[in-house]
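Consider the two complexes below, in which chain A is the common component and chain B and chain C are the respective partners.
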Partner chain A sequence: MATESQKVPPNLDVGEYPLLKRIREKGLRRGLFESIDEAIERTTVGLNLADLRALLQDRALSKPNVRLKPHADAFWTHIRPTYFHTDAVGFYPTLRLGWLSTYLFVLEIITGIFLMVFYTPSNVRAFPNMLNLLSNVPFGQFVRDLHRFGAEAMVAIVSLHMLRTFLTGSYKKPRQYTWATGFLLFVVTLGLSYTGYLLPWDQLALWAVTIGASMLEAAPPPVVGNFVNVLVKGAPDLGAAGLLRFYLLHVFLFPTVLLALLGIHYYKVVVHGHSLPPEKEEPGVDTAARIPREKRRYFLIDQLRTEMLWVVFVTLVMVAIVVWFYDAPLEPHANPLSTPLHTVAPWYFLWIQGLLKLGDKTLMGVILPTILIGAFTLWPYFDVGPNRRYGARRPAITLSLLFVSAIFILTWMGTPDFAVETSPDQEIMFEMAPSTKVGLVRAIPYEDLVPGAYSTEDYESTVPGDAPELLAVMEEYAHLVEEAQEELPNAVGFMVIDQMQADLRGVTLRLVWDDPTQSSGQNSNVQLVPVHADAGYKKE
Partner chain B sequence: MAEENQMPTRSSAWHNFWTKILPAEVQLILATVFTLGIIITVAWVGINEPARMQEFTASYDARSIENGAVIFDDACSGCHGPQGQGIQGVAPALNTPELFNGERLAEMGWSGSLEDFVELTVAAGRPSVTEWPAAMPTWSQEYGGPLRPDEVKDVTNFVLNWEETALAGEVLEAAEAPPPVEEPEDRFCGFDIDVELPEGDVERGRVLYEGELGCAGCHVAGANVVAPPLEGMGARAGERVPGLSPEKYIHESIVKAEAYVVEGYEPIMGTLDFGDKLTCQEIADLVAYNLSQ
Partner chain C sequence: MADAAALESPALTRREFLYYIWAASTALFLAGSGGAVLWFAFPRFREGEFGGIFSVPVSSLPQPNSGPLEIPEVKLWLVNTDQGMLGIYKVCTHLGCLYKWVPPNSRFECPCHGSKFELDGTYIEGPAPRSLDRFEISIVDADGNMLAQSDEEGNPVEVPGGAAEIKVNTGQRIDGKPSS
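== the complex of A and B ==
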């Protein structure tokens, strides 16, 4: 119960309460409005309600131009240029790739924090955590897919951003340092993506990361290699300690380094402005340094609006992709004792895997990439020709396109299609029932797995008519065995299906072929593939 | 706005696409439409989440049973029978009503759930002396065995999945025997320890020992309940049986363990018949690994 004396403190000095003072002096409406206006001006560091309305309605602003003040005084706007040259703000020349890279980094932080809530960096808990995330956490799969897709997109977008900067010669004086920090940002992005790759602790993660991490050991001389290897992995091989260290690199060290570099990168853009398309300025002249009044496009609010539209559009596209087209992979639990056939590095490191097939691990895996990193970072300090026009830079542009082609070829060479020798019987088993993927057998619907014994020689007469998918797989099996006849003489493939339990059928694959090195004259490969009615395998 | 963004260059549709910026009103309308699109899509995901989570749970439970079946086939069927029907004088049946109707639990004086009973038995083994001559080895890495906790869970799920058929008393009909592809007799090395072994590989031997053969399940480091530990094997092997070289002694212990049983242990190794299961190369690898310890 409020009494009269409690409502108004007896000795209230309205001088201490500007709002009350204003209301007393100017009346409720006007006093309140002025206070709100002042609060907004303070929050936006310089723009009051009238200024904001004028900005949004694209009307002429008071002089001096009030939107310049937030760039001088406020944090979020001081890291952006006040205005841009109208020739540099279209889709060409930037393709908005730099902004997109920053946006993806922010998206990765937001989705990453969500994932951190449900994750423990332990070799015992990590994989069960993944299953829990996917089975028990609303939006768990959605956020994980978004994080994974965003990470891979970020590697691609940052690479394209770098390629674009190179092609338009934007790294040239005075932007050499911007390029150097940008290239290091690219390296850190790769590091982030790569360390994150390990965290699900499935077979895919363990073996893909093992390929790359094995290069640590190759750093010369051996004493350094061993030290670096143990420093990063916490043990000679990836295990509990390695997972924890990769996690800390992923969520702490690399993001911190990236933020620091990003700050420098952005600051340099504020200082030097966006470079114009090369054909729009005289050779050797940096027009962005002094933009004529009629060529200015202000960050507030025009450029900001365009950037926000772009972000909303990209978000919609990414959400649609992860909902309908993309699922982050999750293979069975990591097992250091069993190497799956055809293990590959993440796609953005396949070119290194290709290099490794060409030569020595130390040379191709450590020395060459280190030279490349150094050459890329310091490139603008050697390529000092002032002319940014495409026609004046034929050697550099040719070199860059050759480099891109080489990366594509090396990437192909990194895949199992190039120079990987395995035994043909293992290849057949891999096609039929790989240890970490679905393969042909598991994709057969449960009803079609009719118990019985079939072989590649008599399947046409023994497979029941109501099991078309089984028939199709037996056909494929027969085809694989037929193709391997040269290496596996007189090979015959068997498939025996039996009912192991209610709802569980066991498919035993057995491949037998003539092998004179065996005393019996025959060799075989046998594998049991149990299939449960509810397993829900989808064709790949 | 529009005038401000006009580029004073040649005009073509392509050029416009690259350089022109949409008018502010169009940008705002598009941004609103895209935002609504995001909201609707995410809401659609949210509506489908309960069904998706349920489907995922069913699918990973099923795959856990599949994985358990493979492990059972590798590690358990040797004693408990390929259909879990048990083997007389070796290990009890699991695919049997007694396990599921509470009789076995009562017999063991177990007051917890059946799932816990099976899981603990798989994980920790049964070191106590029971009516069965061979003690159940420990399988979980937590107790020095070869399996990860999730694999122990997989085996448990597989064993529990017999419930329906075991309680119904239904005997599952095995499929017809595979067509007569004779497993060549001499593919495996046999029980004669005088055969010449090829060069062994320590690493491959380790994989066999810790992995598919499950040796580490009984030969637990630091424990000597079920079987002698592996440590120091390289040093001990030559001293056990006079006249046998270390290689021959380990070879004999693998294929003909009953010939010399270390004092204080049950003669269970001999029942595993490794001579019928391993090639000479595999035995050589195991010997090499043993000697390296």
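== the complex of A and C ==
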């Protein structure tokens, strides 16, 4: 205690730790307990131990609205609503797709950061980094597959979320801007997926992205198109500069934009309240923001518990799919001097590839998508009818389903088999020995590749009895040659296997057919496929 | 009278005017910075960086109207037609894939979206917007004197007697004619 002679200045506490002070005043047990209780209250921003236990036991709380304090005063819970409408948190009609989209985004960030530890955005280092990740790093293949699968899942889920909000008319007043930001989020998601596609730097990455980037070049007028094309690619052709730029877009610019838009988007959802199922509201009346007492589901702790369980469940499903069903592809090293046959766009861009097969790349690749983006973003400002019920929105719903059908048809048209056929001999060689997959020949076990000369006309007698895989492939070869007889008259397929080095056998495929336009009367297609004893190619 | 005073908008003060000037100068500054950013990000490269002039000896030229000669590092097809020589750019005019020569069909075909072109690069069918692009070529004799050169349209160049080399200028590209 201060005395006259000590002259302690006013308002200055005599320094003493609160814990020690409490112990001194109330004894060890009581003092310790009160300090721990206070620590809990500070960590949870408002809930002391008694309140916390009441929450966990689902009992009435001591003070009214104490569970709202963390929302008011803490950072992480600040944007979440304090309570939800019970009609809006169920599986119908949202399928919880918005929540799932956010989950996938977080998953992509986490797996992406793990991948960044072992990846360099250099045209020389990227592919070796991929090989290292897949074969040398513990759980490397798992993380990579999870990241790739998560990306594809995110595009699908975000599209479904967009379709759902359209069908339930959730874009109507006052949620027009929520829809607009949501659509922009969709575009940024596609951008993220597209920029990430280039990073493995294999043949698939290089050529799929080259095609897409060339669409930018088609932007009118030519001066702008060329400028944007070279700005994005970093050079006239995709190379080291392009890879670095795409990497920066993928790990920095697009995620930042996405986070900003996501903030705006979710904030709007909370401010207006999550829209209710259309049949639960009077037409034209938006009651989502005023939730009656008996329809409240509090975030702390019921909704939080549900969300955490969903996190566990979805993670389990993703991991199971990635471990047992999904394998992210990796083709050979990117080769800017050679475009492989049958380059496929990622499935969510096949509709653009289908569009491009229909006509001029400026119209189909630039103008039409721009019009679509404008139409989608501004739709809620045109569709102003107040009624959200399905029965009152038949034209809009029909239009949306027609649009979905059109996307499906265009997607099918974008597949490589549609309207892109090259000569039959190249197709046969693509089946037997493709440059980007294992194919038939490389999958033959080394022991079955008995050196010798075989042909599709007499393989049954020349292939040795202890080489069943070789026999099977020769059979397939003969079948392919047979099918092409019309375009390649009198075609014969040869396979010559010779021992090139101690553990290396060379398979020379030679296709010969009659061709009156050639001076010799015949034409041929030759491919050499070396197979090493330790190659270990797996059949697909 | 109080209402009238409230409705009348007050005269522009010096402070307000300076705010507007400040905003305008900031906008100007941002516009300039934006231009600087674009200028910064635009890559440095040399036009036709995969080579300047590339020389091919006349002896290795293909026969007239037989298949073309492929020179992959330079992204070049050397084509010998009835009317003379052509140096054709190997990149498809549609979306940048490298197209192939398909002997059974005696034409160029692109594996990506199926564009097809004749031996001399003329567009046949497909989504490509124009015929194949050509490089400027010149034909020189053994002493380096120029004997013949492509014209502005890139028409085939006849190979005169005494020719030793064909020089393909991969920095000078002549766009093909539009396809429709």
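In this text, the second predicted complex is superposed on the first by the 522 of 540 C-alpha atoms of A that agree within 3 Å, B and C clash if a C-alpha of one lies under 4 Å from a C-alpha of the other, contacts with A are read in each partner's own complex, and residues count from 1 in each chain.
Following the convention adopted for this analysis, a contact is a pair of C-beta atoms (placed from the backbone, for glycine too) under 8 Å apart; a residue touches a chain by one contact, two chains touch by 3 or more.
Bear in mind the structure is a predicted one, so any value in this text is a computation, not a measurement.
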Room on chain A for both chain B and chain C (clash or fit): clash
First, second, both or neither for A:L337, with chain B first and chain C second: both
Touching partner for A:T370 - first (chain B), second (chain C), both, neither: neither
First (chain B), second (chain C), both or neither touched by A:G536: first
First, second, both or neither for A:T398, with chain B first and chain C second: neither
Partner, of chain C and chain B, that touches more residues belonging to chain A: B
Touching partner for A:P138 - first (chain B), second (chain C), both, neither: first
Chain B versus chain C as contact partner of A:T256, first or second or both or neither: neither
Chain B versus chain C as contact partner of A:P236, first or second or both or neither: second
Partner chain in contact with A:N490 - chain B first, chain C second, else both or neither: neither
First (chain B), second (chain C), both or neither touched by A:T517: second
Where chain C runs into chain B (options 60-68, 96-104 or 150-158): 60-68
Common interface positions of chain A, toward chain B and toward chain C: 337-338, 518
Complex contact set, residues of chain B against chain A: 1, 4-5, 7, 17-22, 24, 27-28, 30-31, 34-35, 37-38, 41-42, 44-46, 49, 52-53, 55-63, 65-67, 69-70, 73, 83, 148-151, 158, 161-162, 164-165, 172-179, 181, 183-187, 207, 210-211
Chain A-touching residues of chain C, taken from the complex the two chains share: 38, 41-43, 45, 49, 72-73, 75, 94-100, 102-106, 109-114, 127, 129
Interface residues, chain A side, partner chain C - complex: 207, 210-211, 213-215, 217, 227, 230-231, 233-237, 241, 337-343, 353, 356-362, 419-426, 487-488, 513, 515, 517-518, 523, 525
In the complex with chain B, residue positions of chain A that touch it: 58, 86-87, 89-92, 124, 127-128, 131, 134-142, 297, 302, 305-306, 308-309, 312-313, 315-316, 319-320, 323, 332-333, 337-338, 451-453, 455, 492, 494, 496-504, 506, 508, 510, 512, 518-522, 524, 528, 530-536
